[in-house]
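The structure is given below, and queries will be raised subsequently.
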């Protein structure tokens, strides 16, 4: 016997909506205003932290005994490089959640994160090669760390291009998720490349196991910049996810109401 | 929901053993889409399809074992012969058939003498017949979903397929089909769905 | 097979595959898979004979000599165990210092001198103000310390 | 379940014999790319010997990528893919069968013919074994990765460019390691590390790629 | 008559914008082939500089050949080709229009992007002009020749391999002359002879190829 | 003659203005092949086709100017919109039409509202309609050759096309068509050819 019903009785999208208050925000409609409220806070925090970080980095932190002033690129390079990897992991996480639980919002989060991730990857590559010229004596070499980071950039591009090529957003989310999850394998390779192979790129200055091998002010400056980029990433992706929600739900009642009240 | 347009909603029906469901509607009303949803090939924006108590999305292989679907595109390879096509498609979907059975099925659809020809040189109606020959080998499958099975067939072949469907229904199986032609299938338990867009 | 068993089998296969792959990767890391070779490796004939390769190590303090033409330089690269003389014609990177790390690309000529076509500076992961560096210098033998962090021995790395 | 695996491999090989010209496309392409280089670059033997491993590996990669673009296309167009999605056998298995069949008729041929072409570049005898082995381990990985890309871009008109963009980042490590192995051997060094890495890639790809591609197919066929 | 010419060019360009990814395939392919070489061959600048003209010309040739395989395929499959055969305008004209449109969206782009890629190989500035000009004259010839091959092999499953075999002998002279021009310039010698030859090839191809391809199409479509 | 089999021979017929020729026959009997011969797309093994006195093989463009052919494959590009498809195909075969006329033709076939959608997302019947909209713009062409025009159309569209053909005939033009469905076209001058294989 076959039954066809118009309701989602046992399973389906947004199945959590009524059951638990925590999952309430997995519905785009409830998440939209929440995101709207959060964005300014994160944006302001990002601005303040960035100002503080740059101040420490360029005025407080001492010159380096080996590299002189050139080392100050570290305050851009390292936070950007860290974020580039971290955002990919988060993106893949949301993609995976979307694929398994069929929640719409997760897919939107993943697509909202990708451009920021690509931006930071580009920034890490760019600042890195800018730094490489004075220190190593070359813009670029094909060694493990640099090559794998470049691959990361192309993974981001691939993700965005794939999503752009598919008209149906539900399908785009799912297809992007498969790609994002496949590409995760690259992240440990980037991170451990300097340990696994002897590369031109330096090893880790900061690790969980031992104290950072850099002066305290330098380290503080770097950490503050990392926090600033965190805040920026959150603000940017929340803003982007709001746009995506509006775009995708533009036929629904609540979006129509929202649009007319914000003319 | 295809693209941004809602095609149909509020459909609610139950199909019992021996039922024939005819889906009608104008071109573009969403018949093919509905059939693909029933197969689990397309996921509905909302609503669900249940088979014998379980959601087909969790039953998966279990459900597909009991389903036969022949669509507009009928999975016939131009380079293979009619016989090879039939054997391979059956094995692929998990039905075991012998060579003899397959030959028999082809000849019952009037393809005797064409079994060993590559399908691409057959005419359109003959190609459709190769696809439909699967029906003769799927008597044990309790649910058939057929999208315009009579398309491109001549009158003789239409009769043959019509009879086959009636027989299958009388065996207690369920059949879902679409067609624009007015073809009578003798069966007491007919349901109609007319999709109006 | 029930769906539960199937899922279990799938997970088992996945984990097993990851395990095998990890084992292969780790044993690969014990072999030579390198961006550059150390002078010791070169001495042990582990570096290519016929073609270009890179060597890496520290510039022996006091070994840098400039030719009269102002472009050609000679210096000695060491990994504290072995050393190799290098000649290079061209501009050196700013961070090229005696006692610091360097990676040079070129080939070994028959007289045992490395003819470099490109020289890159490799620095370590320590960042400190000059005063602190001086303090460290007083405390340690610098060559010893940087030598350890710079010329990484792959086997030691894998064990770490 | 294994009946289906066998059936799909058999079917794809049968189709390959019927469309032998199609199969040869990848091979001919490989031969052409490799052979055009001496014409384009000039006949200097030392130069040719140095670039040989790189050229052969790049050509193998391109041949694999191009032939993979269409691995699911025909089945998608004629509705066979729908039947595969509705099969009682796991879809990952069917995908694996298709990839195996595809590799047998393209990858394997490329691997077999590569040493012959290498002779054209005057590559020393002892390197031929290394080259062949590296291709033998590497090309299946390329096929697996390519299958995921092909499944993801299925039905998107001109998936070709997109496919390249998606799979190339994942192809590059294989290329670097594979060509690197031959380079190492040419330099008279050990190549175990490279081969172990290739083997690791192969294991991971074989275990996960079919399922990833299967998931992608379900999405693309909606 | 010229309405039809314009209409076909317009239509093919329109289709190209709709399937922009398809158009990009040839370009992406070109970029990829050229960029993979430093990875496969190794990063030695002198070596790269020597092989650069050869690599770029071979890549352009391959990109042209691959995208041409399908120049008539879509029209054949959906019945548009039948309508073209029944058109009141001369078929050679329609074929010419299709080749022009095809060259505009692939060949021209390749020509424009080649100098950028050449920089990657550290090719000296003054050679860039020679390279671009040689490609500008050479790629239309490749398109014309390729169209004949595509028409001849149309509808033969896997015409790809056959096509390659048919057109390559005709492509090789273009390749040798084109890459030769850049090599000559690199050696500091005059290149007029090469360019005159390329121009001669172009004139002959433009005058005869469309009609040959049209005749081939009538036969293939039976 | 296809391959090694002789499909039909000894056909001999003349089509006058206002004549409707219905080619019937079972699947694979050779209807499509005959139509393609009439168009000059296929050359017959023996015999010849003459139009207004001349052999069509020497008339060529002259003949094609007076011919409209719509086959199984209907020359519709999935990436172009319905409107673009119609305009381009008409120009291609040498018929000049304006945008307005094209829009009108589409809406008369029930495609109003679908003109600007890429054809690939339309349903099968809707795609067929896009191809058939050419008929509305070809009223001046004295010979129409249609291979299964009613295929995949719903009842409303079938009616519309049927009327159009009847009108065209009454204008004094000739129409050749094949169809497996029994669709009456009101016309005094009908000829039948039944191909028996």
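Letters A, B, C, D, E and F mark the chains as written, and numbering starts fresh at 1 in each.
Operating definition for what follows: a contact is a pair of C-beta atoms (placed from the backbone, for glycine too) under 8 Å apart; a residue touches a chain by one contact, two chains touch by 3 or more.
None of these values were measured; they are calculated from a predicted model.
Taking the definition of touch as given, a chain qualifies here only if it contacts chain B and chain C alike; those chains are A, D.
Distance from each chain's C-alpha mean to the overall C-alpha mean is smallest for D. The greater number of contacting C-beta pairs, out of the two interfaces A-C and A-B, is seen for A-C. Each chain's centre was taken as the mean of its CA atoms, and the one lying most distant from chain F is C.
Chain B and chain E, compared by their mean Cα positions, are separated by 46 Å.
Per-chain Cα centroids separate chain B from chain D by 36 Å. We define each chain's centre as the mean of its Cα atoms; on that basis chain A and chain E are separated by 41 Å. Counting only residues that touch two or more partner chains, chain D has 18-19, 50, 156-157, 159, 162, 165, 168, 172, 176, 204, 208, 222. For chain A, residues that reach two or more other chains under the stated contact definition are 141-142, 165, 168. In chain C, the residues touching two or more other chains are 29, 33. Chain contact summary for the complex, chain C toward chain D: residues 10, 13-14, 16-18, 20-22, 24-25, 27-33, 46-51, 53. Those residues of chain D lying in contact with chain C across their complex are 50, 184, 186-190, 192-194, 196-197, 199-201, 203-204, 206-208, 211. Only residues 2-3, 25-30, 32, 72, 110, 114, 121-126, 128-129, 148, 151-158, 180-181 of chain B touch chain F when the two sit together in their complex. For chain B in complex with chain A, the touching residues are 3-4, 9-17, 38, 43, 46-53, 55, 57-58, 143, 174. On chain C, the positions that touch chain A within their shared complex are 29, 33-36, 56, 92-97, 100, 103, 118-130, 132-134, 149, 151-152, 154, 157, 160.
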